[in-house]
Amino acid sequence: MVEVASPSPIVTMSRKDHLSRTFEAYRAEIDSDNERRERLIILSRSITQLSKKLIFHLHRGATSSPGARAKMLNDARTKEREIREQFRKVNEVLREDGDDQGWRWHRQVSPGLEEYIESLSFLHYLEGKGLITLSDVQAALSDQETGDPWLVVTPEDYVLGISDLTGELMRYATNALSTGDHETPLSVCRFVRDVKAKFDRIPPFLIKPLAKKQEETTRSLEKIERVCYALRLRLLEFADRPEILRQMAKRALDEADREEID
Amino acid sequence: MSITAVKDQRRSVEEALTQAITSLEAEQSLKKTIREAVDPLDDVARSALSELNLLHSIPSSGHAALCEKCLATVATSKSHWTTVASLIPKGEFYRYQFAIGPTLRSFVTAIAMAHFLLKDELIPVFAISSLLGIGEGEIILSAEDYLQGVIGMVNELPRLSINAVTTQNFFLPIKISAFVNDIFASYSLLNLRNDALRRRFDSLKYDVKRCEDVVYDLTLRGLTPAPTSA
Amino acid sequence: MSITAVKDQRRSVEEALTQAITSLEAEQSLKKTIREAVDPLDDVARSALSELNLLHSIPSSGHAALCEKCLATVATSKSHWTTVASLIPKGEFYRYQFAIGPTLRSFVTAIAMAHFLLKDELIPVFAISSLLGIGEGEIILSAEDYLQGVIGMVNELPRLSINAVTTQNFFLPIKISAFVNDIFASYSLLNLRNDALRRRFDSLKYDVKRCEDVVYDLTLRGLTPAPTSA
Amino acid sequence: MSITAVKDQRRSVEEALTQAITSLEAEQSLKKTIREAVDPLDDVARSALSELNLLHSIPSSGHAALCEKCLATVATSKSHWTTVASLIPKGEFYRYQFAIGPTLRSFVTAIAMAHFLLKDELIPVFAISSLLGIGEGEIILSAEDYLQGVIGMVNELPRLSINAVTTQNFFLPIKISAFVNDIFASYSLLNLRNDALRRRFDSLKYDVKRCEDVVYDLTLRGLTPAPTSA
Amino acid sequence: MSITAVKDQRRSVEEALTQAITSLEAEQSLKKTIREAVDPLDDVARSALSELNLLHSIPSSGHAALCEKCLATVATSKSHWTTVASLIPKGEFYRYQFAIGPTLRSFVTAIAMAHFLLKDELIPVFAISSLLGIGEGEIILSAEDYLQGVIGMVNELPRLSINAVTTQNFFLPIKISAFVNDIFASYSLLNLRNDALRRRFDSLKYDVKRCEDVVYDLTLRGLTPAPTSA
Amino acid sequence: MSITAVKDQRRSVEEALTQAITSLEAEQSLKKTIREAVDPLDDVARSALSELNLLHSIPSSGHAALCEKCLATVATSKSHWTTVASLIPKGEFYRYQFAIGPTLRSFVTAIAMAHFLLKDELIPVFAISSLLGIGEGEIILSAEDYLQGVIGMVNELPRLSINAVTTQNFFLPIKISAFVNDIFASYSLLNLRNDALRRRFDSLKYDVKRCEDVVYDLTLRGLTPAPTSA
Amino acid sequence: MSITAVKDQRRSVEEALTQAITSLEAEQSLKKTIREAVDPLDDVARSALSELNLLHSIPSSGHAALCEKCLATVATSKSHWTTVASLIPKGEFYRYQFAIGPTLRSFVTAIAMAHFLLKDELIPVFAISSLLGIGEGEIILSAEDYLQGVIGMVNELPRLSINAVTTQNFFLPIKISAFVNDIFASYSLLNLRNDALRRRFDSLKYDVKRCEDVVYDLTLRGLTPAPTSA
Amino acid sequence: MVEVASPSPIVTMSRKDHLSRTFEAYRAEIDSDNERRERLIILSRSITQLSKKLIFHLHRGATSSPGARAKMLNDARTKEREIREQFRKVNEVLREDGDDQGWRWHRQVSPGLEEYIESLSFLHYLEGKGLITLSDVQAALSDQETGDPWLVVTPEDYVLGISDLTGELMRYATNALSTGDHETPLSVCRFVRDVKAKFDRIPPFLIKPLAKKQEETTRSLEKIERVCYALRLRLLEFADRPEILRQMAKRALDEADREEID
């Protein structure tokens, strides 16, 4: 009974030994997962920072004269390529783990991804190309030669990124008004309205965080509508004095030109 | 903005968002399908655990048969796992893990318990995968799910130890205590983050203590052979 | 305790709990069925509200047609309402109101908006019930759901007023301001102890102000007839 | 808008809202009345539970008398229940359940406890309804309220088991442990989607363990008869 | 512990707690009584404010009559205030202020508004106390309640200014703007550490701006006399 | 508006607000003074409680001396209480209770604990007031503060019971368990509508159980006299 | 553990924590001293801003004198700043910035406003530092505090522009609009995080718009010279 | 008046120019602050990770036999030195900004600092040296030659780190019980009690986050007290059978030895 009650040392040691060896493998796995998580979080933070900078850059030139604007968009594409470079690094980290689509670590990367989509879609819009598609975004984040995605862009990431875009468009529309540009606010208003209307039809359970963001979009749309309203009232008062409108617009453009010459 | 430009802009919104929404809906519908395919697996897991619950009230002579029965119940899940595996697109397991992981953990708990009572060892991951028939397909039994499931089993052991004494089985508590000690030592090798696994690991030391207390109680009353130097 | 006693006790437990559990599961399953039957109604409500959304961008000449279209959309919900009504056991509406109320409120919002623009009146409860075909069945449009739905409509009106000016409709803002003022006056006599409603009522005051601001802007620019002593 | 039109609009608003507001105020006031009618029932429940609290400190020989006294206290509530039932409009029980349910649960807890100690059985729903005299009227003892009340009783049993030992009653812990085990076994077959109930069910497992611990302590010290094959 | 000692201890517990509990219950019940006595005062305040709401839609020629009517309504509250005062134990006003303060603020708002329109002055604390008949009794109109009530009135003035323009009254906005500016200037000397008041004070600045905006709009369009050196 | 009128208006505003603002600032400054006068009392309370903390680690033979020392520390607070009392304007205690109440509760906790260990009784409100020397002045020890303070003491007792066993004092746990049970019984008759107190009361039940568990552990090991029918 | 070891351990705790607590108290007391030394600076800032508030109601001819007076008021703060600077240990400004930063911002707002009206330029950081006499000492006017303070000034400018029109000064609005435009363009150069500065920057564009609207209004009515090409 | 109303282009340009130049300096400053903040956050996260690993390492060997324990403590010192190396890097980043005491960026670094203090004080305790002092911690985080601090350790950081230490000591005491070590739980209990008692006397406003942590410490202390209680009950039951206690303790030590031999 002694034998049975406490198995012989050798057997016990062997189980314990065996377990230790197995768990040392787990330790290595967990340690490397943690380290990978950290690296991805750091990359995601850096992507967020760069994307925010790109958005500021876009705002700076968006309401300038055509020449300055074109230069700004050109520079923006350079900055955007730098951000892609970070995604390529993300892909390297993911591939180490054999997780080539990035599903396992998606939660760590998605904050940066959403911010990037926001900046990319803003750039796309300012280039006069309307709303970027999910496949365009995916294509941007894929190896240009093989077409293999660096990480999968989910429709959630896309929708949430576009939702944030409406906030930037609101800023853009308001800034545009100051330069005497009467067309941009109306055009942005239509665009944001269309986006919001489409989003309104998405059943809320399909994508939970959208509900809160739609409130923000609604506030942005209302601000844009107020800009258009102010514009209409101004146009009404100036209806019989178009020369003043022209004067004011010219004044604004002159300012923009001066900037460009500098 | 010309009317054409206005129309172009509107069309781009319509097309881009329709594309995204369609893909959202497809994803959502797949999630639902997977969740529904997992439901019968939850039922199997509940049955298996409920069978094992009888361990606490029957005499130890019946334990082996009960464990075999539990493993047989587990085996009935294979075809369901095949179904679930077939639903998951290649390489996308982690996208759906949230729906599958908790079920996997319950299976680990049940299987590891039965295996321990039958073989006095901790069943390794690959053996569980093969019992469930998920070795080849898209389903992954991750380290985290395995480790959590095993803790689930250990959490049951102090109760089993105590009820064994109630049914006059003074051998099982010693076997349990040794096992729990080994497992605790193994988990101690891990460096954990402040996550769910860490919290569950923290609970382990109370199980170790509880199982040892039973052995102390028995030793004191001369109900076990005195421990040898191992 | 004799073995018979033990068995009796066990039987009493099983019988008492099985009965209660069966009935709980039936209720859970009915809740799920009702929620699923409400889903298509949510879709209709979303469509109706989405149609009304166009009011903000089209010229006023199109408003009437749009409102008719919205009411037609609403009318398509009748058969779904009949289905839902048939699911609710007699006298148990309030047990399932939590699943139906929010949808009813969306319908009230859509219908009241269309009705206001077409007829310049506030549509009463009974008229809404009859439009939805819920007058006879088990479904009740409660006072609270009605009042919340009406506030939902009022919350949309300041935006409509502003966008009307943008599309050069200077008459609608005046009509809206008078309507919102009347609704506010009626609500303010209500002694609200109901917290959810109280908070939303506070939002009304803000809507009144925003509508008055638009009338002010128009008056200042001579874009309205001088106000009568209305 | 002509003055007549303005007046018509205003009248429509006033009529529609006055009707809804009147009905909302009536409902608010009925809620208050019902809550006040439930107050004395809460007092009875508190008394009954407070009487049962003595079970923990008196010798077991007094248990039966105490339980009878508790049931007598419960019986005094009948007329209050009739009053409450008469206040509820036909078919609207579930509208006011939020105010009545918690009180019903306390009664279930008290009655089930007394009944268990007297008869060694779990009292079924209908027997409780008949003790309270609510079988016929508008008041419904729902499955959920019953199950929650029963769990409330089970939560008290480990304490009773421990205090029984303190008063040298070594038989009651065994009876309790068997009872709690049976209840737990029945509950564990339930596929709980209901969150509140699920959380409380999790507490049951803890109660089972604590009751088993007491039996273990007694067994170890030879203070109980060896367990039969129960 | 001897049985006598046990009984002594028990008695000391019972006596000490019974006394405290009785006094707590008395206080709870007095709180309820006071809250119910305040209810009709809330109704009066609501009526007074609702009457003043008409200021926004009638021509200025009717303002004076409306304000007199409002003050008459306020005067009807005197007997209720006497009742409430009689309920408050001497020296315990601040114990019940939480239930009375909000109502006092509404009265301050209504009275200060009517007084401003009638007399073009800010009514001081003592004059309000005397209008309400609370000068002598236990009720105190604290500085904070007064100041909050005054801010409540100021919050209404931009709206009144805007609606005055709509009804072609171009003088009132100037009078309002001067008044609001004076109030703002006095407040801004206050070193506010009180958080609730601080937040509301911040709202004043916004009101000042809105009132100035109206004067600007009128000036620009030559609708006002050129400002004097006020 | 003539220049004179403008000046009159401005003067009325200045006078009315200056008066109110001056009085608000005086109150703010008094609040600060009172809070600062309470600070040293908090220090005394912290010291007293900290002294009692030693109860958990020293042998029981030292308990009485420690409690006397704690009461002596408490007695040093008298002059501070006199200072605070002298700051409070007559009849305005409840205005400043928010700053004094929490400190009073700490004193109740410390005093009730020392008194229980010395005299085996629950000290009543008046005795605490007289120990603090607050009987005559403006400071009131309210029922709620007393009850909360007592619960604060009870919350400490399970720990004391456990640590008593560690220091081999097997009598104290029994004394504690009886005391806590008596307190719980008295509280459970209280119809608590007060939310803060209700939540803390719920914690009592848990304390009762923990104290009973210790007695159970001792009984089981024959470390207590067999319980009498107390 | 030997008694010596126990004593050593206890002494190490006592010493280590006494050291830390002493240093905490020193830090706390310095914080308090600094806060109190900042109080009179807050008073100066409030006075300066309150003087500038008169800009909105006096004729423009008085602006320069008022701004000089404000700068003179600001200059009275120098000795206070010296005091504060002397309290801050070398290199530890950022430890106490939380207590000083908000005051610095108010000064920036006041000085920048006065400077703009006198010199039509944005005063640079170093000039502010020298006005306050903080150039040499430990106090740092950080970029963030400066930038926030400047936005504080810009937020006041639309109001000043509007009130200038009310007092028939049609030149100031143009000067303001040009200035605000330049500042906005400058801030646009910054890449901001989602912090307080970002939120305040977002508010700037509305100020720009508001100031431009005034210029539009004046231009339309021929109240200004037509803008030249700059 | 034209001249005055809209200042001549040159003057305007000059103001605008001047502003632009100033603000470009601000842009550079803000950009580099942001970048510095990110680097410090990343270093702080890495310090947190390493400190957590050190704590696990300490637990692993704390209840082993004396030999294994000594080796473990030795290894621990190596690990601890690696963490200091990260602090040296923190100091480099801070010095770039001229912020040589780290006050400006303290909030970014303090999460890692607190975790380090927790691990260092645990190590110090296990080395039998009682409670580490604030000046010891500061000395550890200073240049070993010049004595200049790499960053200032505030009493808040110290107190909060020590507060977390009590949680680790609770784990240690519980684990010790299982190895038949009856002394450690009692000794830890005294220690934690002393720490908690001292902390209880700190007025709450002195250090706000302590209140919440004291609740956690109270829970830890109660757990340790329960361990001591269980120990007492066990000793009471075994009072007349000391040989069994010895047997059980021996059994546990054998296990520990086996581990060491492996």
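Lettered A, B, C, D, E, F, G and H in written order, each chain numbered from 1.
Rule of thumb we're sticking to: a contact is a pair of C-beta atoms (placed from the backbone, for glycine too) under 8 Å apart; a residue touches a chain by one contact, two chains touch by 3 or more.
Every value quoted in this text rests on a predicted model; they were computed, and no experiment measured them.
Participant: According to the touch definition, list the chains common to the neighbour sets of chain A and chain F.
Facilitator: A chain counts here if it touches both chain A and chain F, which gives H.
Participant: Can you give the shortest number of steps from chain C to chain F, where adjacent chains in the path must touch?
Facilitator: 2
Participant: Suppose you list every residue number at the chain A-chain H interface; are over half of them used by both chains (same) or under half (different)?
Facilitator: Because over half of the interface numbers appear in both copies, chain H and chain A meet with the same residues.
Participant: Comparing G-H against A-C, which pair counts more contacting C-beta pairs?
Facilitator: G-H
Participant: Averaging over Cα atoms per chain, report the distance between chain A and chain B in Å.
Facilitator: 37
Participant: So what's the Cα centroid distance for chain E and chain H, whole Å?
Facilitator: The separation of the two C-alpha centroids amounts to 53 Å.
Participant: Could you tell me the distance, in whole angstrom, between the mean C-alpha positions of chain B and chain G?
Facilitator: 59
Participant: In chain G, what residues contact two or more other chains?
Facilitator: Within chain G, residues 185, 189-193, 227, 230 contact more than one other chain.
Participant: I need the residues of chain A touching at least two other chains; which ones are they?
Facilitator: 9, 16, 20, 31, 34, 53, 190, 201, 237, 258
Participant: All pairs of touching chains?
Facilitator: The list of touching pairs comes to A-B, A-C, A-G, A-H, B-D, B-H, C-D, C-E, D-F, E-F, E-G, F-H, G-H.
Participant: In their complex, what parts of chain E are in touch with chain F?
Facilitator: On the chain E side, the touching residues are 1, 3, 5-6, 8-10, 12-21, 23-25, 27-28, 90-95, 97, 120-125, 142-144, 146-147, 150, 174-175, 178-179, 182-183, 186-187, 189-191, 193-194, 197, 228, 230.
Participant: Give the list of chain C residues in touch with chain E in this complex.
Facilitator: 181, 184-185, 188-189, 191, 209, 212-213, 215-216, 219-220, 226-227, 229-230
Participant: Name, in rising order, each residue of chain H that touches chain B in their complex.
Facilitator: So the residues of chain H in touch with chain B come to 52-53, 56, 59-60, 171, 174-175, 177-178, 230, 234, 237-238, 241, 244, 247-248, 250-251, 254-255, 258-259.
Participant: Would you tell me which residues of chain C are touching chain A in their complex?
Facilitator: Interface residues on the chain C side: 42-43, 46-47, 49-50, 53, 56-57, 159, 162-163, 165-166, 168, 217, 221, 223.
Participant: Would you pull the chain A residues touching chain C in the complex into a rising list?
Facilitator: Contact set of chain A toward chain C: 190, 193, 197, 200-201, 203, 222, 225-226, 228-229, 231-233, 236-237.
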